[in-house]
Amino acid sequence: MKFKNTKERIIGKIVNETFLFTILAIVMGLIVGAIVIKISGFSVFEAYGAMIKGVFSKPKYIARTIIRSTPLILTGLSVAFAFRTGLFNIGAEGQFIIGALVAAMLGYFLHLPAIIHIPLVFIVAVLAAALWGGIAGYLKAKFGVNEVISTIMLNWIALYTSNYVITRESVKMPGTESSYDIHETAQITITWLKSIVGPAKINWGTLIAIIIAIIISYILFKTTLGYELRAVGHNKDAAEYGGINVKRSMILSMAIAGGLAGAAGALHVMGVSYHVSVLSAMEGYGFNGIAVSLIGNNSPLGVVLSAFLFGGITFGGARMQVLGIPTEVINIVIGSIVFFIATYRIFQFFTKFFTKKKLQKEGK
Amino acid sequence: MWKDIALILGTTLMYATPLIYGALGAVFSENSGVVNIGIEGMMTIGAFSGAAATFIFADLYGPAWWVPWLGFLIAGLAGGFFGLLHAIASVTFNADQVISGIAINFLGPGLAIYLSGRIFEGSTTTPAIPLEAKLVRPFHEMLKNKPILGMVFDQYVSVYIAFLFVCIAWYILYKTKLGLRIRAVGEHPKAADTLGINVYKIRYFSVILSGILSGLGGASLSMAIIANFRPTLISGQGYIALAAMIFGKWKPQGAMWACLLFGATTALQIYLGSPQVGWKISTHLLSMIPYVITLIVLMGFVGKTHAPAADGIPYEKGKR
Amino acid sequence: APEQAEKQEPTEKPLKIAMVTDVGGVHDKSFNESAWEGLQRAEKELGIKAGYQESKQEADYADNLELLVDQGNDLVWGIGFLMGKQVKEAAENYPDQKFAIIDNAYKETPKNLMGVLFKEQEAAFLVGYIAGKMTKTNKVGFIGGMDFDVIHRFHYGYKAGVKYANPDCEVFEQYAGAFDKPAIGRSIAESMYGNGADIIFHAAGDTGNGMIEVAKEKNKYAIGVDKDQNKDAPENVITSAVKRVDNAIFNVAKDLKEGKWQGGSTVVYGLAEGGVDIAPSSNKLVPKEILDEVEQLKKKIVSGEIKIPQSKEEYESMMK
Amino acid sequence: MKQIVKKFGDFVANDSIDLKVHKGEVHALLGENGAGKSTLMNILYGLYTPTSGEIYINGKKIDIKNPNVAIANGIGMVHQHFMLVKPFTVAENIVLGMEPITFGNKLNMKKAIEDVKAISEKYGLHVDPEAKIEDISVGMQQRVEILKALYRGAEILILDEPTAVLTPQEIKELIQIMKNLTSQGKSIILITHKLKEIKESADFCTIIRRGKKIDTVDVSITDENQLAAMMVGREVSFVVEKKERKPGEVVFKIENLVVQDNRGIDVVNHLNLSVRAGEILGIAGVDGNGQSELIEAITGLRKVKSGKISINGKDVTNKTPREIFESGICNIPEDRQKHGLVLDFTVEENMVLENYRKEPFSKGIRLNEEKITSFAKELMEKFDVRPRDEKNKARALSGGNQQKVIIAREVTNDPDLLIAAQPTRGLDVGAIEFVHKSLVEQRDKNKAVLLISFELDEVMSVSDRIAVIYEGKIVGVVDAKGTNENELGLMMAGGGH
């Protein structure tokens, strides 16, 4: 009996109005995409067919979708966590880079047994990224520097720092523009699934990311720390009045946000890429994290779902190229989905309009 | 010596220009109470539309004087169209303005590159506009034989328009009826509403204007600094413009100074990397200079920045 | 699926060859596009079936390679050294599938993989020679994108060429730190031209576009890279150091069709193999005598009489 | 206004209300919090569209679609919550929407300032047109609001709770201004919870209860008790029930305290004060004499420049808010929405704003939601917070109920010193009665209470002793029973002992 109740509660939590509107927004976004595809002279059916097949037709594609979604779960969480505490973290991009860089360095330079190496690399990388995120929090608490500016600047500084480090002679693998690969003792790829997923690097990172999402949800809503951070997010003055150290909270929540994005970078290096490369432009993990966070309504559970959605659409959508459809259509689809999520009141407007009409009819 | 200074000044002006347009756009939008993180997307669509339209017109009608101006205008309109989208979402439907802005940042580049492919045989880069069809350089003849002055002032008209716009924006915001209303709506929309000011109309106006300015900013890159659109052209400058607007405390002149600071630090980066200086320092470290200096300057700025009180909050009539 | 394709009689089913682009995309007006042109030519002339898959970020490489394998292509190309690791991994994972990569060499190359390298330094040497001969001011420039090994090949090949033609000629060298910042390219070019250089060579992608723009405005000479860039500025781009990725791709397709697959090795495309060259449009602005000398030089390079440096170290040791 | 109905969803805020106002009269609207007064007036001003009903002005039926129509028909409104743009000047606020312009849409600020000066002369409402709103007192802001309406040629002026935030002096001035205006032929609709003001200024009074009109009465022949009874539907007592009590030891002490305001001026200037256990010490004073800064300094929200604050002999000067709270000082803050509540938190979350870290509300890092919920339920029952849903966002509560949440929380902490700053601002008589009772109960438990209020009546009826603050100093302490309004008023104006 009790089980049934909790189950119902969980379902009730997921299938609420926001959820339904999100689904509607996704449908609307796909419709806009369909229009663009049609105008370009392709078959909508074939195009979306290619997208769906691209994700679901083989276990290994599902695996790749999951792999691709994993960093987005964490960068999405990073942005969502900051939002919940009243801060706008545009800096997930840079925090990701720092996490990845540190993981790549420790994974290569340290020689340790896996049991120590893996957690050490992960934890230190996350701490480094937390420190990086914390800078923005500190600048805000101490100097009142708006975190939007500071995180934008820190993104670029992270990018160039990473490039600088990678191009050092002891770090850069000759003949490439990348660092040396990390040792196997720092890798978290699951090799025994090879028979099912082929060379796709399914790794423990996905599980870790989901666990982190649960932990973050717990911290936000079930702990005193989460209470404090949310209070500061909603009303600094009242929080201060209630005895909460507002400045400390700001630094802490930016640090946690940074750590989350850094975890994304670290897991990506440890599970998928094994190295970091010189970047000539941002890779977009952090910026896409903003979209993921917003599609997921800034809730940890929502972020997990929307990361998979985002990963699926980008991975599957790229398969439309086979038909000759330009990849930009994918960006238009994603943009439309986000746009319709922003304007979910359009749907409210319509639902109201129709129920009103219906009532009028019934009245007569 | 003079040459170096002239070069730094010239680079500063050139680099700051697209940012100034974007930042001015953000100034209008945010002073009316609508956060606009979509500047990046609006600049991209503007850059594409301006370059594509100018090329096409130059191709059809030759490099007549009006061709670049028409292209510039179209860039503004294209940006304005995305401003309209942002306004529909965030003013009419009370959307979360950040979400809507992020959507614009996907849609702008997506559409720009898509259209480029459709129009120019699959190419994501538009063909180069001939020199004669680019925006004019008003002082080009005058400075022909003055190389040092030329380095500073032989700029495209878009540069001077940017500074002119700063003055106009300042005048509109602080000296006119319209500006008073824009700021009132951004500070306290309900108060404005009770005085019979149409909050929605003012916000629509400001957000569309913001799109137009951002579009022009994009075009000032694709029609002056270079002569075509390419996907990597804007690469983050919309965000920098946004940062400059905040740095400039939501004021046109403040935003301008912030953009100039950013331009100047970039010029410094280039100067320090030049063979004349001959610093043997990694370009990766040099590239960091503008961002690091900006952060340091920000720290030194005492006093918190003050956003318009209603910035980012949708206005719903009849709600308290 | 790949084994199946191999068992088919070649006459019955056309060869399928596809490529994975790097993040520039297939229409990047650079080597991705060039590679695609090679495949299309093969489609026309050899009757193969060509396809491509664009990448948006590093994480796409592995996914795209696998997809092309799944589509039953006989040969899968990776375009660009940035995906060197992913291509090798794919080759190890799919030992029955043929792979090839542009711009990369491996210490140990699997049997089913082929590396294709270009001697960029040879083309750079030739354009350097032209620059050294044509300069009136005895000052020429070089703008690099980022500090990459490939760019170094252009850089030092060029420098050696300049000095070979004109030992007294000064070479201004500067790296922009980015491939996507035309404004920076512009201001570096302004500085170099301002300091007396009259010809600049770039290997800086979109950044170099800013340099070409300045050349147009100031009516100076510029040298393009990768593809024939004369189209962008017909009066100013005197020549380009072109990398015939298309030729390489076409040749490999032809070999494959004729059953001459050279797996397990690295093929180097230099002047001799038609892999690099100066642009055909060079005859428009470069005097005939100089072009004739260039032809002589080519022979010497092919015969190994002239050695061309690929890196700073090689250049310095040669200059001693 | 005829048969006005306004529904918010299923909720009927106005239920067929009729209202008739004559030229040149002051017509009062009276009703409990949430009775529907503001809603009715917002309809008249065009901010809400009525669900049904008609409005006539000078016999002509008018469809007031928006404030522009209202303004054109000579209706002006001063809203319950001020509608002023803080960073703007007085003149800018007044002309906003009807700006005088010159060539090229340029604002003619000179003319605006002259116009403002002219009307402020005409109606005797003195303001400095060039001062910024954020720099002027609340009373001044009120005048600006009235001037805004007059500038638009208002003939009918709606004043929604104009006196809730004014000092006694300012209220007197306002009543004078209203008389002035009616003598010039203007009509005024006045919403207030203060019966004394209705008696003093209004000609007629319409009473509304739960959205329905009860009656319109002639004020001159109705007394305050009758009005109150009509309003709440039961008898209300105005006297604070209070037993004699002998105060105990001094528990709280302030010595030579100096505190600066945001501009760096010493607004609390060598202030000395002590409160004893089992007494309510009222602080009377005109707004702006350092009260806010004093409270912020005591509660740790503002740095103390010099001097000493101690509770139970323990020095708490410049300690953090949490340390001060732990030492036994609680505060019902002046601005309930800014400091008292996190409006987007639920009621239950707000109930533990200071105590969430303590058992039983949390254990280690984990919040104990069940305990928090049951605690909130209990308090809501005890303090009659409505609606009785602890999962409601605090934002959705009425002002009165928001205040109850804060009082419940602070009183339950059972502090040695309870500071209550403007605890009844904007509340109806029923709610005020409740707040006063809570303060007295606290005192009867032998705790110290510090009451800070601009309402002289309140200070006099609730306190045991009264300290008068003037320019950051206590200029005198008197026994509440042995004093009168005149004596206090004199001291508040600086004419101390």
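For clarity, chains are labelled A, B, C and D in written order, and residue numbers in each chain start from 1.
Basically, contacts are C-beta pairs under 8 Å (C-beta built on N, C-alpha and C of every residue); 3 or more make two chains touch, one makes a residue touch a chain.
As the structure is a prediction and not an experimental result, all values here were calculated from the model.
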Which two chains share the largest set of C-beta contact pairs: A-B
Chain A and chain D, separation of their C-alpha mean positions in angstrom: 46
Approximate Å spacing (C-alpha centroids) for the pair chain A, chain B: 28
Where chain C and chain D are represented by their mean Cα positions, the distance between them in whole Å: 76
Sequence positions of chain D contacting 2 or more other chains: none
Junction residues of chain B - those touching two or more other chains: 117, 122, 232, 235, 282, 284, 287
Per-residue multi-chain contacts in chain A, two or more chains: 160, 163, 167, 281
Overall pattern in which the protein chains touch one another (line/ring/star/complete/other): other
Chain-to-chain touches, reported pairwise for every pair that qualifies: A-B, A-C, A-D, B-C, B-D
Interfacial residue positions of chain B with respect to chain C in the complex: 3, 7, 10-11, 14-15, 117, 122-125, 127-128, 131, 137, 147, 151, 221, 225-228, 230-233, 235, 266-267, 269-271, 273-276, 282-284, 286-287
Residues of chain C defined as touching chain B within the complex: 25-29, 146-147, 172-184, 186-188, 190-191, 194-195, 206, 209-210, 213, 216-217, 231-233
Residues on chain A engaged by chain C in the complex (per definition of touch): 54, 58, 60, 64, 68, 160, 163, 167, 175-178, 181, 198-201, 268, 272-273, 275, 277-278, 280-281, 283-284, 314-315, 318-319, 321-322, 327
Chain D-touching residues of chain B, taken from the complex the two chains share: 175-181, 183-184, 187-188, 190-197, 309, 317-318
Chain A-touching residues of chain B, taken from the complex the two chains share: 85, 88-90, 93-96, 98-100, 102-111, 113-114, 117-118, 122, 232, 235-236, 239-240, 242-243, 246-247, 282, 284-285, 287-288, 290-292, 294-295, 298-299, 301, 303-305
